[in-house]
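Got a structure for you, questions after.
Going in written order, the chains are labelled A, B, C and D, and every chain counts its residues from 1.
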Amino acid sequence: MAGNSIGQCFRITTAGESHGPANVVIIDGIPPGISLSERDIQTDLDRRRPGQSKITTQRKESDKAEIISGVFEGKTTGTSLTIFIRNRDIRSQDYVSIKNKYRPGHADFTFDMKYGIRDYKGGGRASARETVVRVAAGAVAKKMLMEMGYSIKILGYVKQIGHLVAESVDPASLTLKQIESNIVRCPDQKVAKKMIQLIEKLRRECDSIGGMAEFAAIGVPAGWGEPVFDKLKADLAKALFSLPAVMGVEFGAGFAVATARGSENNDQFIKSEEGKIITKTNRHGGMLGGISSGMPIIARCAVKPTSSIPRELETVTRDGKATKIATKGRHDPCLLPRFIPMGEAMIAITLADHCLRHRGQTGTKG
Amino acid sequence: MAGNSIGQCFRITTAGESHGPANVVIIDGIPPGISLSERDIQTDLDRRRPGQSKITTQRKESDKAEIISGVFEGKTTGTSLTIFIRNRDIRSQDYVSIKNKYRPGHADFTFDMKYGIRDYKGGGRASARETVVRVAAGAVAKKMLMEMGYSIKILGYVKQIGHLVAESVDPASLTLKQIESNIVRCPDQKVAKKMIQLIEKLRRECDSIGGMAEFAAIGVPAGWGEPVFDKLKADLAKALFSLPAVMGVEFGAGFAVATARGSENNDQFIKSEEGKIITKTNRHGGMLGGISSGMPIIARCAVKPTSSIPRELETVTRDGKATKIATKGRHDPCLLPRFIPMGEAMIAITLADHCLRHRGQTGTKG
Amino acid sequence: MAGNSIGQCFRITTAGESHGPANVVIIDGIPPGISLSERDIQTDLDRRRPGQSKITTQRKESDKAEIISGVFEGKTTGTSLTIFIRNRDIRSQDYVSIKNKYRPGHADFTFDMKYGIRDYKGGGRASARETVVRVAAGAVAKKMLMEMGYSIKILGYVKQIGHLVAESVDPASLTLKQIESNIVRCPDQKVAKKMIQLIEKLRRECDSIGGMAEFAAIGVPAGWGEPVFDKLKADLAKALFSLPAVMGVEFGAGFAVATARGSENNDQFIKSEEGKIITKTNRHGGMLGGISSGMPIIARCAVKPTSSIPRELETVTRDGKATKIATKGRHDPCLLPRFIPMGEAMIAITLADHCLRHRGQTGTKG
Amino acid sequence: MAGNSIGQCFRITTAGESHGPANVVIIDGIPPGISLSERDIQTDLDRRRPGQSKITTQRKESDKAEIISGVFEGKTTGTSLTIFIRNRDIRSQDYVSIKNKYRPGHADFTFDMKYGIRDYKGGGRASARETVVRVAAGAVAKKMLMEMGYSIKILGYVKQIGHLVAESVDPASLTLKQIESNIVRCPDQKVAKKMIQLIEKLRRECDSIGGMAEFAAIGVPAGWGEPVFDKLKADLAKALFSLPAVMGVEFGAGFAVATARGSENNDQFIKSEEGKIITKTNRHGGMLGGISSGMPIIARCAVKPTSSIPRELETVTRDGKATKIATKGRHDPCLLPRFIPMGEAMIAITLADHCLRHRGQTGTKG
């Protein structure tokens, strides 16, 4: 219970269903005096917005953020900040046919098992719609870090869709412009083109496809995180796994460490030209012992193919009778392009939290 | 700050350094009336114990658990339960030479950046020694689940070391006996033999090797977990990533979903012979929408090769001067065999927490 | 930071300023399947509503609750529940003159010291306006307890205003009707009449007056609460002291224990006619060792006179220059009548939380 | 559940029973680099120690603190800090006779109702013995505040026992020496003498007596605390009410506000000679809107007479049969003298927490 909050010092609490009147987030613990307006939030909301391109869901939401509290004359007051985003384009009738059936790959069954009741319209609380306010909160977190004087860049891109893998993209030197240069958010333009074709093909085939996203957080100072349970990597992993459809998370060298030897996996410390202690390589992915090292934080997420597909599949009714189901409604044939701003948001929220935690305990900004 | 606790309802708080007098865990929230003695805890402690075989560190610790509070006449009282495990075999002199150097792959540098002070003896709080009380708490969690009437089996094994991968092990039908049938904890006896040889070879070469562990939790009822931030997979991932050396975590089909289509990845619901709704396949790994489905929970962790190797490597001093380092002390050339009870413990602790959370909110045991 | 939430299992998070667009509460952890509509919430909102009588502030708010999430077809879903209450009758111009002055008895100065910024319009977040959503959440808590099968009655009344003290009111047998039988919420009709006259006199004199409220929670089963830090009385006290203007809280015999002997203060256990173990007297106020005893929980709160008075007082500007201030705006000359539903709400929220906590840990409803 | 912790950033978790091997506290979140040794803790432990004078319990405990973790070469490391205090003088046989009886005024009955099991030896977890580690943690909190550069003085004294009330003690100018100048901890020497005589008389009469303690925290900077639920006064009240036997808490003018008018109760702001904004009077008790004002924080606690008295009283057995009970064991005939260090400790712990919370959110020390 009480599972709709995340963060300890920068803490967000969310609510809202796919087909309810609105989604809401309350952000608690933000420092006072941060310049903030709806415009700061809108850019990332637009990147997440449904209907943004031909390869996403065609649900049309303007996703305009309304700041309801916590900002006075353009600055945060330090009290709880509410953002409200209305749902406008609702077609609940699409869901009547699945009211008593369990969509494969969905949370219909598990919600029923947990609660004995479920809002079947658009998936209710189990819809990716809930991430809209996470992205809003992530934009606030990014703004906070910037106004506190950090030059932290948190960016992600689509590294893989199906068997198509972006080549030679260095996550540590990515720019937002590169990522946004095409609708699939893959800066390898050649591969991006093929990815778009693949997604369109799958949509025509009433199917969907999985993929992998890679994220980098550059400029995080050394010293954020905690040594035991609240390791920075543990909290980032929780934040990323809390997004819908994530089946795997890895940092730095990730699963490749399974075949590595210590002598090759250990990143050696050296002094940089600017006199900072850095590591020569970054197999550790920017965190050692749960604490940031100052090197780029590198994370990758495996995202499953959209469960909602219009193709007919076998399933059962609530009573356990065999039946067939084809999920209507409007869905993304591939979740990856819109996953990018969601992942960035969760990383920003986690870093904002550890930033304040670190300052509280040590008195330094790190 | 306050990062030494995990769990909301079944909550553990730990303390202790590698070369301090003891490690301690306080378990808060455990139901009253659970039969519990030090014997219940010792089995898992022995599985984690250093010095247990020729392929682990040779530090000798008896690791005897002492229950200091919370148990009266053999039953938990419902009040906070303390377990105390003394450190006995300490050789702090091995660490004097590294006092002012940063061991590659270690938390020496990041601790200094965070705290400006660090207990260099045996790694202080950043040593895997701290996991001893996690394993004790995990044994309590397992006992609690059993006494509450669940038949939940939480087991892990070593699936991979270097390029050696266990074949045809079904994690869902593993037994403790199979896992403990060899010192490397890999039930594929042929591969296990080669793994042992590989580890011994690497020790001779003053090197270490990474690997992968697979875990299964069988018998978890459908309905545990939460839909948004405290998704069961998110909390399990945090728990596993909070262990030292974990670089990746995946559930069910894991990273393989990147190349999957929805039509093949969606696990179809069917009615079992016993009349239960189950899924035909288990690519989802036992959790849908953050809530357990009743199917086996399957998790895999990538574990990096031990950072502490006696081979000489380049590094810098605290002042940033280039130097060389060879880590003395006693270390495991491969962390995997002893990682198994640690991973099981973190899974058990997370399930115990969500068990009580579920009961609190819904009044049912699930 | 993160101080806008209360409760562990039944957890509420609030946001909103006096003159912002709305106040919001997110309730997290509520059991699924509870019947709930806006009507359940409106009764208590109306009891708290400004402008309800001649002795309260004349600000006119309809205070209509809108449920934004967490309820589906009339039942709670178990996911986060949002209630939204708009602010309509705002006169911010009344506050321009105090923008740079510190109102005596108010939080203007301390907000500036903490945050360096403050929303001076209507007091911003430091206005009693924020309690509107607490009362809404309290109504949800009461409904939850009722639907879970408890017959818990949580009622308060005005025991004292100035030197006028209600006589012979037994808090354990109060009814809502009695409390609501007059506008000052004092069931002693004779004293109530004098209280109303006193309040009217003070308003004419541009002054305000303090008082004391008494609350009873009847029907709380024995066993709720925790033995150490989260004693039920400690959590109730925190909840009550978190309301504006509370300067003292006592339970049972309260401050009178200072002069009592153990032999007279100890409530003796006896068997009731129904065969239940009860205490003969209730000086302990329904809680022993932090845990409910099954006897009525009795609490009293001292509430200070309204700080905002239209009489001219000495104060300083933000720069520390001596000046005079007379607080315009619309204010209650006595906070007590509207304090009653606020106090009841905080008690209900605290009991709802401990109800779920108890069920989670022990599996019984208590 | 999980009710054995308090604090958000400076967080303590305790465990231990009256007749178990030891009491333990883990302090999490303390800044690194604070000088700390067992000596810093012993002074307050000695002030709380049983057997310290003829008017306290005669249980003999040396109460020597052992720091088990979190301190390295005399400085805190920033990781979790454990303090261990053994129980040595245990006479469990005194409690066998009450095993199946409910002591009036005690938690025996409520523990049974909650847990169905209870450690009857010395009261188990429901004994004031558990406060020993609170006092140790409070000493750490005081040291932390001092080393962070604050001149905060947290002191309490016995203001009242029975009808004997200390006169003309200004809590804001108290010294430790004055408080410790007699065994009853009342700086009014004349009244102190009478208090001691009264306590001795009550012990002879096999009875006990209640009283009131007053505390002051001087030098707390303006700006600590939070505006809504985590008001500084709310958190202080929770901390104080979490101590055994507290029946009432008030701040500043306290319950006397019930009869006050706004025009007399509002403390006017003025500029001090040093140029600071202060209030002329301190009826608000150092907190406005939940945030410290820089004026002395003044709190008073009503403490009930010891429940355990050797005089025979009526009660029931666990089965509800009428019986008689006379509590053997060794007890204080008046809790007040030893309550002083306990109350100070809880205030110090709460201030330490809000100090770090404030620094985390605002970046300033306040």
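We adopt the following convention: a contact is a pair of C-beta atoms (placed from the backbone, for glycine too) under 8 Å apart; a residue touches a chain by one contact, two chains touch by 3 or more.
Small disclaimer: the values here were computed from a predicted structure and weren't measured.
Taking the definition of touch as given, a chain qualifies here only if it contacts chain A and chain D alike; those chains are B, C.
Using mean Cα coordinates as chain centres, the one most removed from chain B is C. Remark: chain A and chain C have CA centroids separated by 39 Å (rounded to whole angstrom).
As a whole-number value, the distance joining the C-alpha centres of chain A and chain B reads 26 Å. Rounded to whole angstrom units, the spacing between the C-alpha centres of chain B and chain C is 45.
The multi-chain contact residues of chain A, meaning those touching 2 or more other chains, are 1-5, 8-9, 14, 29, 32, 78-80, 114-116, 125, 227-228, 356-357, 360-362. Taken chain by chain, the contacts link every pair, so each chain touches all the others. By the touch criterion given at the top, residues 1-5, 7-11, 13-17, 20-24, 26, 28-29, 32-33, 66, 68-70, 72, 75, 77-82, 114-119, 124-125, 356, 360 of chain B touch chain D in their complex.
The part of chain A that touches chain D in the complex is made up of residues 8-9, 29-32, 78-80, 148, 227-228, 356-357, 359-363, 365.
On the chain C side of its complex with chain D, the touching residues are 1-6, 8, 14, 102, 104-107, 109-111, 113-116, 125-126, 130, 160-163, 202, 207-212, 221-231, 233-235, 237-239, 241-242, 244, 246-263, 265-271, 275, 277, 279-280, 284-285, 287-294, 302-309, 311, 313-316, 320-322, 357-358, 360-362, 366.
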